[in-house]
Amino acid sequence: MEQTLDNKQAELKTFIDGFRDKEHFESYLIAVLHKAQEIHGYLKKDVMDDIAREMNIPTSHIWGVATFYHYFNLKPIGKYKISICLGTACYVKGAERILNAVKKELGIEMGDTTPDELFTLQITRCLGACGLAPVAMINDKIHGELTAEKMVDILRKYRKAAMAEAAEKAKEQQ
Amino acid sequence: METIAEKKMINVTVNNKPYKVGGNQTIMQALDEVGFRIPRLCYHPKLSIEGACRVCIVEVEGMRNYVASCAFPILEGMKIRTDSNDVRRARRDIVELILDNHPEDCHVCERDGNCELQRLAYSMGIRKRHFVGEKKHYEKDLSSPSVIRDPNKCILCGRCVRMCAEIQKVSALRYAHRGFHTVVMPAYNMPFSESVCTACGQCISVCPTASFVEKGNCMELFDKLTNPDIIKIVQIAPSVRASIGEAFNLDPGRAMEGEMAATLRKLGFDYVFDTQFSADLTIMEEASEFLDRLQGKGKLPMITSCSSAWMKCMEQFYPDLIDNVSTCKSPMSMMGSLIKTHFAAKNNMDPKKIFTVAVMCCTAKKYEAQRPELQVDEMNPTDMVITTREIAWMIKCAGIDFLRIKPEKFDTPLGVSSGAGVIFGVTGGVMEAALRTAYELYTGETLMDIEMNDLRGFKGIKEGKVVMDGKEIRIAVAHGLGNANEVLEVVRKEPDRYHFVEIMGCPGGCIGGGGQPYANSNSEPLNEACLKKRAEALYGLDRTRTIRRSHENPDVQRIYKEFLGRPLSALSHKILHTHYKAKEPRGIISKETKVR
Amino acid sequence: MATPLETIKKKRAEAICRIISKGYLSTKRVYVGMATCEVAAGSKEVMEVFDNAIKNGLGDVYLSQKGCAGRCNLEPTVEVVEENKIPVKYGKINAERAREIIERHLKRGEVIEEWVIR
Amino acid sequence: MKKDDKRQYALILCDGPACLRKKSKNLEEVIKQELDKRGMADRVRLTLSGCLGMCDKGPILIVNPGYVIYGGVTEHDIPAIVEQHLINGEPIARLEINEDHLFNRFFRVFGDVGFFGKQMRITLRNCGIIDPEKIDDYLSVRGYEALAKVLTDISPEDVVKEIKKSGLRGRGGAGYPTGIKWELTRKSEGSPKYVICNADEGDPGAFMDRSAIEGDPHTVIEGMIIGGYATGADKGFVYIRAEYPLAIKRLEKALGEAKTHGFLGKNIMGSDFSFDIEIKLGAGAFVCGEETALIHSIEGSRGMPRPRPPFPSVSGLFGKPTLINNVETWANIPVIILDGADWFSSIGTETSKGTKVFAVAGKVKNTGLVEVPMGTTLREIIYDIAGGIADDKKFKAVQTGGPSGGCLPEEYLDTKIDYESLSKAGSIMGSGGMIVIDEDSCMVNISKFFLEFTENESCGKCTPCREGTKRMLEILTRITDGKGEEGDIEKLERLGNMIKKASLCGLGQSAPNPVLSTIKNFREEYEEHIKEKKCRASACIALLSYTITDKCIGCMACRRACPVNAISGEPKVKHVVDKTRCVKCGLCFNICKFDAIDRR
């Protein structure tokens, strides 16, 4: 079930309330931003405004923190988040080629989301799976020992799956 | 504060020569003490230590890396080198790196050569560039009526960020993003006008370059001045006369009252009035309002309302205190309101043809001028505000020999002022002026001891007591919005602690306003000695006035007789008073979060 | 009151009892690497194969996950430990190979030499 | 046991320097001869191991299964061992020594595998041995005994003394003596005090901390509790990358179980010492590995470092005295307490004690996580443990210390690993990344890769790092793009040296290292790029040139594929590349079926 906006707000508020009795309440900002991103998919302005009010932190500070850490998305992200590992081991084994292949296949640049909101392309520094280098992570799944061709195949599979899912949904609704 | 004599003296060597310096301070402070002046950029004595620009590096024997002298403590036996070729070249390269990512438009820049970066670049000996590459490119933010933010000129020293958060506690500005892409900006990169910015302009004061400048109106004003169809009327704030000389390389502290009157007339204004007149009028209204409140008609403590930055701050940060704030308009707006009503009527002028200009020390006044709640008969009291810096530029641009001009008097009837009106420009001045009048109105006796030393000086928060007819009046004065926050927290918790509170948005009051001349090469922004001299100039004017109490100003008396009736009359309320309301976005003052 | 040292000894004894009660003393113990890197290489599927086999009646085998021993390029890894024998370390195990380990090694006691890490 | 028992044995012979000195070298030969003589050779595998940490009892020989440790073994003992133990299955009591160090458990399982032979597992002693999600497994390997021991009869002062005596140094990079850090925090006035575990492992290609936490989270927790006890802190934080979900999950589970068992919380194990640990997540900023930046991040701010002093031990988290160590450092603590500082300090070199974990990656046969005693040479790690260079390529350089470290060429392979010798060689220990580079990699390109990383991770606070790394990257990019200019190398050196000495924090101070060390050791490659526009590793695409060789049969495939029509030629006639038009896209190279395109 999709959560309604009110539910989402309530969930975040409950999460924030969990820290209220802690010493240095404000220091839990990053944890709260993580949670907000988990709930909403990315950090939107009104959510950060809510956090500012709830935690009594200036919005400029929250914005400063949200933009400092690369883990936080400030724009909506796609259904599948592709993180190409550019750690040394992967780099040495040709991660750049994988990256270029993805860019070409999806027609987007680093940090962007495809117009169909299916894929978001990001890079990451070492997923700790160096033995499988080069690797990429799609949502939580790690794909290893990649080649450009293999990567493109994987993306096409995801796209196919998503389209099938959408078709299924459309059918149900009919 | 610890004085040098109280510090334990220690022995250090600087460039191989022995020195005795005070301990318990930074290397930079110690070097300052014995006559060195290490170049510096992100350092500001009133702000927290950032250690970011690395311009102030020195060599310390035994340490692998250079040491930022602003941040490192001086220690017994330290061997410091400020002059080796290596460290000099490193400093030079650091400044070049800053310069390499900075627009090269010095010859057309607002700072007019009075730029810390330019001075540094020259003194570091940067004559050639080695590392030129990509420069940052961002949009200018022109949204605010007061302040322009140009990230391209920003060198990320962070002084504005710390000023805004530490001294003003407004936190409109913060670093966002990181690395080469770091930008100082308001939350969400929103237009400045939609942020919590109070328009105080202190970011401009501390900015070493022209990353922050006021929204200029000079060209528009030149246009107006040459338009024969309108009546150009100007007023000038007290603190402008105390600082304008600095823009012409005079030492701080020269009061230039008559010179300003003459100059403004030369510039083409039809009438030259003095904000100090309306300051006297403000006192009449405000003192009366205070006495009313004291008698149970309204909330106490009463808080002053003349500082525009404070008023915007109040609406966003302290809407719960709206009823405590005096309903008086600022002297600038009172003047404008009078000009377009009484003065126009008396002289058979169409108020719509009058163009009112205020020369202010202040950028927030540009915002105030636009406030709809100040309008009289659907007219803005003030049509344009220009800062001290802008008028100085206009004088230069118009080719007026300011330094040799013959002083003239202000025009009547809105040009005569008492000493009380003069000291409005310095922290504590409004309170002092108000008490001079309130005392007499309340007790019927003239207050003889009118120089209130408790309320003078630059302590962040000043408290005092006055006994009027056996009643103890407790007062507080705060300058800078950070100090104000402390007093206001007290007001929130203990509403009975004070009867009367004066708040000025800028450090030092209007003399330290965000529109005042830039610090010159021998000083730094908001230098306390400089502020002191500006204050002295105003106190000096007060001392030489024969009339030093607002209610004794004959023109003020006349205007009540001819027009307003009495203070707080219905007409007064219509023309000279207003009401404020809460505004979005709401400001948040954090207890813990530091600037990072 | 017991000193912390006495407490810890008791706790250790209890812990060992609990481990034993979960079948630690079985003839064969199987350890499957389950760190991020191993999971990425497919060790979850391998774990499932062993788990299902035990659920479906494979007896006298103690199954446990373990952290990463550091043989990145040979992951997923599986160890088969038998009392009085040198532990056998298998590398590059997938579901299919896991099934074969069950058949040949766990059931028949045959070490599958070609997959052994040396 | 019967003679026909065909059971297999693994012998582990200690090859550490102390045992070698006691002339155990020829033991290897003697054992082999004896085994051959008795027809046992096919049933016994003999592995040489690095120092096993029992030097005073050496030479050491271990027999597996059973993990029987023999000490003081001479060649005269060998026939008896083979006869009595290996053939008759009866261990020889007179040679047996009763020394069971914590790390030995690993060797019981893995001791016979060549990859682990030269390793010594102290911090990773339980990784790959126990179920990290079961506290029972940890308890069974003497878990929390070190904590119990200090709570029972070691005063906080003496714990600090013990850590000082052990010679342990920070494993996060700089190698600051851990004991002194503990002592400073202990002596600092201020309350409360905090203990932090830095698990913000961000070096590209390093995953030691992840592995340690995923494999044995309790060790880190136990180390932190002991640190809290020793310094007088009552609260600990683990600052860990959000990119490590499994490590976070295991850590959370371990913390929960430790609480249930009373190792965390009020009055730990009945003592009057109380301590708690919370997890704080990073959010993707490498600079947060720097301790002041990390503190700011825990405080909920941008992770920007601040100048030191004051050091965290005096004024750290929330302005209070704070002890920060990294994961690996913490994992050493229980071992030092249980096996003793004397034993610990007997391992390693004069200045660097104990072991160090490296994540060995790049062009070696066996990539993986390696823990070796300090003093092991780079050559031993790369060739003996990691199996040498993959695909029979030629070794070119080894990069240690990640983006803060340097690249060392072949002549440094015999450098013994410790803090001082690595930094003398022009690199650093760092947190333990070790990337082996072969002839296919371009050193200019590699240093560009690292600088790209630091430039991207610069927090932007101080000028040298923010602006300087950007300019260095621009110069490197133009060199690899074939637009390098005379004087670029000197500019890189000038900027690099300035950034090193003038930056605010360790990230900036070490950012130029990869560039400076490659300029020092591989200057000719830079010069080739600039002067001859040539990349000897064929890695810099813009510098490649394409020619068609005589193998061309004129099939037209490349001619059709070329997007800029730079290839001309008639059918069945050798084609030609017009180099002035070629954009070096490589399509022709990929499409040619006859290997007729020469790219170099």
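Every chain is named by a letter (A, B, C and D) in the order it is written, and numbering of its residues begins at 1.
Going forward, a residue touches a chain if its C-beta (ideal position, glycine included) is under 8 Å from a C-beta of that chain, and two chains touch if they have at least 3 such contacts.
All values derive from a computational prediction rather than experimental measurement.
Visitor: Name the chain pair with more contacting C-beta pairs, choosing from A-C and B-D.
Guide: B-D
Visitor: Point out which chain occupies the most central position, where each centre is the mean of Cα atoms.
Guide: A
Visitor: Centre to centre, by mean C-alpha position, how many angstrom separate chain A and chain C?
Guide: Result: the chain centres lie 34 Å from each other.
Visitor: Between chain B and chain D, what distance separates the C-alpha centroids? Give it in angstrom.
Guide: Distance between chain centres: 56 Å.
Visitor: Starting from the mean Cα coordinates of chain A and chain D, work out the distance between those two points in Å.
Guide: Computed value for the inter-centroid distance: 29 Å.
Visitor: Which residues of chain A are in contact with two or more other chains?
Guide: Counting only residues that touch two or more other chains, chain A contributes 24, 26-27, 57, 61, 64, 68, 127-131.
Visitor: Mark out which residues of chain D touch at least two other chains, giving numbers and ranges.
Guide: Each of 207, 210-211, 244, 285, 299-302, 304, 361, 367-368, 459 in chain D touches at least two other chains.
Visitor: If I count partner chains per residue in chain B, which residues reach a count of at least 2?
Guide: Each of 175, 177-178, 593, 596 in chain B touches at least two other chains.
Visitor: Which pairs of chains touch each other in this structure?
Guide: In this structure, the chains touch in these pairs: A-B, A-C, A-D, B-D, C-D.
Visitor: In the complex of these two chains, what residues of chain D are touching chain C?
Guide: 7-10, 45, 64-66, 106, 108-110, 112-116, 124, 126-137, 139-140, 142-145, 147-149, 151-153, 207, 210-211, 214-216, 244, 246-247, 261, 268-271, 361, 365-371
Visitor: What part of chain C is in contact with chain D in the complex they form?
Guide: Those in contact with chain D are residues 1-5, 7-8, 11-12, 15-16, 18-19, 31, 33, 35-37, 39, 64-74, 77, 79, 81, 83-87, 89, 117-118.
Visitor: Which of the residues in chain B come into contact with chain D in the complex?
Guide: On the chain B side, the touching residues are 49-55, 57, 64-66, 68, 71-73, 89-90, 93-94, 97-98, 100-101, 130-131, 133-134, 156, 175, 177-182, 593-594, 596.
Visitor: Quick one: which bits of chain A touch chain B in the complex? Just the residue numbers, please.
Guide: Residues of chain A touching chain B: 24, 26-27, 45, 48-49, 52-53, 56-64, 67-68.
Visitor: In the complex formed with chain C, which residues of chain A make contact?
Guide: Chain A residues touching chain C: 127-132, 135, 142, 144.
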